[in-house]
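Letters A, B and C name the chains as they come in the text, with residue numbers starting at 1 for each one.
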Amino acid sequence: MTISLRSPLGIAMLVLTALAFGYLLLPILVVVAAPLGDTGYLAFPPQGLTLKWYAAALHDTRYLTALLVSLRIAVISAIIACALGVSAAYALTRFDFPGRRLLEAVFLSPLILPTLVLAVGLTLFFTRTGLLAGPWKLVAGHVIVCTPYVLRVSLPVLRRFDRSLEEAARNLGASPVAAFFLVVLPVVRPGIVAGTVLAFITSFDEVVLALFLAEPGAPTLPVTIYSAVQLGFEPSVAAVSGLLVLATLGFMLLYHLLGSVGRSRN
Amino acid sequence: MARFAPVLLFAPCAFAYAVFFIWPQASLLAMSATEKAGFTLAQYERFFVDSYYWEMLGRTLWLGFAVTAITLLLGVPTAYLLARSQSRWASFLLLLTTFPLLVSAVVRSFGWMVLFFRDGLLSRTLLALGIVNHPVQTMYTMTGVIIALAQVLLPLMILTLHGVFKSIDRDLEYAAMSLGARPSVALGLVTFRLASGGIVAGSLLVFSLAISAFATPSLVGGARANVMATAIYEQAVELLDWPFAAALATILLVVVLAVSLAYGALLEGRADKEASR
Amino acid sequence: MDIEINHLRKTYGSAVAVADLSVKVPQGRMLALLGPSGCGKTTTLRMVAGFIEPTSGSIRAGGSDITRIPAHKRDTGLVFQNYALFPHMSAAENIAFGLRRRGVGRAERDQRVGVMLDKLKLSGLADRLPRQLSGGQQQRVAVARALVINPSILLLDEPFSNLDAKLRESTGLEMSRLQREFGLTSIFVTHDQSEAMSIADTIAVMKDGELQQLDSASEIYEKPANRFVADFIGRANFLPGRITGRNDTHVSIALAAGITVELQASGVAGSPGDDGEVLLRPEAVSVTDAGPANTLKATVEQISYQGSIANLHGTLSDGSAIVASVPPDTLRGLAPGDAMSLVIRANALRWFGRRQQV
């Protein structure tokens, strides 16, 4: 560290950093801890200690159904986004063709487009054209917001990929397709997995498109929580949110554990 | 064959974008400017003659500035310390900053709501500290929206700046210090100067996400702290005034695009300046 | 299998990478493509390997035209500059890759990989991943991977440039031993002239996409075709001069440094009055006692020792610089600032007229 942490500047930076972490984690802590309270309303810090709200949340079929809807849509959207994104990223990095930069900019542009604007446009579009039915409307919307994430992660990975590896495979007798699957894909896989996981999480957490495009009878989990929060502050919503936070934490730790296991094995 | 390989590879993606992105956005734009008789700017006129909407646009931009300022104030030192620290905790802490990103904004906003009500922790803390002498309601205020949204976007600022600071060679700071600069001066003259492009990039990212955010303003702000995004939702879903919703969406889109273009121009201007040196 | 490159040309828009290259490599021989970066040597190699499609011209191997054959159907083994080992495969899996692609059965594959591992002193390292191997070991895996498929043509793209100096020489000799053992026709790209001279049968010196000279190492060193080749290969002094006389056998050239030298007429294009430069290799200069006629008078600037020889840097009377590589015991106690007399071997001189300077 160039800056001494005992100098006034260093102390100021440390204090702000501590504040930042407290600020980042406070609302998440609230969501996990508040439903532990024994009161009939939500309070933080919780008063008393009970697991009854968490138990109630686990038994509430509304949330369970919504969770399954969310998982299904997130898995399908992430797989489609991965296929579209990776093949496009490979074309953009491996070949040089006129309009390549423009195409890349267009493919990444949903990142800066307000999701709400996309949602309004898509709702109108589906109403007018009658295209797609059931969960596929939402999947289409999520594919558009998820694909840029896959691209943003896999483009630099593919750009850094050493082209001579592909040439070596070709020189040793692999066709272009075989070279892609035997050499390119295994080497860039961590990046593609990370992009796809990001796409999955984006779809799973997404609420705006889901508010507009989800099937009326089958809202996603974020939509269900959103509606419940708007209606009132029952502790069971908080318990569901708390469970979601804990599941996310578990998922993140698992991903990093697997990642570091994979790294040490290779 | 080789000539068509790239086309075959990006065609599925291009098709999906054409149908589900470009076409819907184009027809949205068209809807905002047409009626039975043909082309009209009536919807836009409705927006621009009404001070209510001007105020709302102002509120939206204020939200963007305030959120950007808070995330900068907390994000710059955090990202700098994490990037320069050699402790093994640094990577754990960086992981910890990404964690809130993985939790839906709906859930995080909900956490703030519990704190913001009149009898919530925030109000009671302020009372106990003697800063206020009667309970305060932060729910349904712009202050509440700003606090909650800055938390939602802070991880993005930290991650962007962390990458920027990591890419700046720490030896530059030592070099400046060996030439007689105090540590704080070395930091200001070298590191922050070099990081300024990345700081601007992170700020514009946060700003454009803040002015287009929906979930947090809608939950924490409600009807009383109306911003562009919530107004679009209200017009479309509750009032079913789709042409006006389309016009509002287009205006928001133009603001966001202007921010992105300003960012691009800024980057290019910097590049030109560097080149002419 | 011999290789025949005919009028090969590659352009990118208006930029010419390879202008018009025609070279033959007989069966079992090694050709070095030598030149500075951007001279077109790597582009040529990649066209032979099939990674780049030529703009025009043809490449024939063993009599058949392979110009339009895709890379994976050509019978070439290539050792890459950075080795291009597959990072997710062990050394043995890397070596087996080409055999798998050719549908070689498991038993034969294991056997052939084993032979290659032995031959390249890699036994015991079979299960290591590339990043667990040293640079020299990685290089040997790359060579094994290229040789195991029994290619009829071996292509080497600066295969020694990432090795340290000591390893470079032994690996180079090992490489040319293997190349002879397998009877491979080989093309070897390098920017390092000593590498090219030590292992190649024939050297093609290239510059800006054009072939400058195609000859054996000794011919190229002793009879460089032009000033570029003379300068690029080995160290060179260029002394300005003017042709003063010419008869059937000899040409007289007056050097600006004050003496006149005689060259074989056959090696000099030019007539009396022409200005130009005389190439003088540092080894063709030696220090002598002051006095004899036709010695160059110079002032010592600096002396640097390189093991068995000393490089003597001096300034001639016309102000031009000269370097002499001499045995240290012939220095006779010279020190910077001293005056000295230099004698030159006249048969080691080459004349380059002004117009010839490319």
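Note that in this section a residue touches a chain if its C-beta (ideal position, glycine included) is under 8 Å from a C-beta of that chain, and two chains touch if they have at least 3 such contacts.
Since the structure is predicted, the reported quantities are computational estimates derived from the model, not experimental observations.
K.L.:
Taking chain A out of the count, group the remaining chains by whether they are connected through touching.
P.N.:
Chain A out, touching clusters read B | C.
K.L.:
Give the label of the chain whose average Cα location is farthest from that of chain C.
P.N.:
B
K.L.:
Go ahead and note the Å separation of the Cα centroids belonging to chain A and chain C.
P.N.:
Taking the average C-alpha coordinate of chain A and of chain C, the gap between them is 55 Å.
K.L.:
On a C-alpha centroid basis, what's the spacing between chain A and chain B, in Å?
P.N.:
The answer is 17 Å.
K.L.:
Just the number, please: Cα centre separation of chain B and chain C in whole Å.
P.N.:
Result: the chain centres lie 58 Å from each other.
K.L.:
What positions in chain C touch 2 or more of the other chains?
P.N.:
In chain C, no residue touches two or more other chains.
K.L.:
For chain A, write out the residues touching at least two other chains, lowest number first.
P.N.:
176
K.L.:
In their shared complex, at which residues does chain A touch chain B?
P.N.:
1-4, 7, 9, 12-14, 16-17, 19-21, 23-31, 34, 42-45, 80, 83-85, 87-88, 90-92, 94-95, 97, 103, 106-107, 110, 112-118, 120-125, 128, 131, 140-141, 143-144, 147, 176, 201, 204-208, 211-212, 222, 225-226, 229-230, 233, 237-238, 241, 244-245, 248-249, 251-252, 256
K.L.:
Looking at the complex, which residues from chain C come into contact with chain A?
P.N.:
Against chain A, chain C makes touches at 49-51, 70-74, 76-78, 80-82, 84-88, 97-98, 101-102, 129, 145-146, 149.
K.L.:
Can you check the complex and tell me which residues of chain B touch chain A?
P.N.:
Contacts found on chain B: 5-7, 9-10, 12-14, 16-17, 19-25, 27-28, 31, 73-75, 77-78, 80-82, 84-86, 93, 95-100, 102-115, 119-121, 148, 150-151, 154-155, 158, 170, 173-174, 177, 183-184, 186-187, 208, 211-212, 214-215, 219, 229, 232-233, 236-237, 242, 245-246, 249-250, 252-253, 256-257, 260.
K.L.:
Looking at the complex, which residues from chain A come into contact with chain C?
P.N.:
Against chain C, chain A makes touches at 162, 164-165, 167-176, 178-179, 182-183, 186-187, 266.
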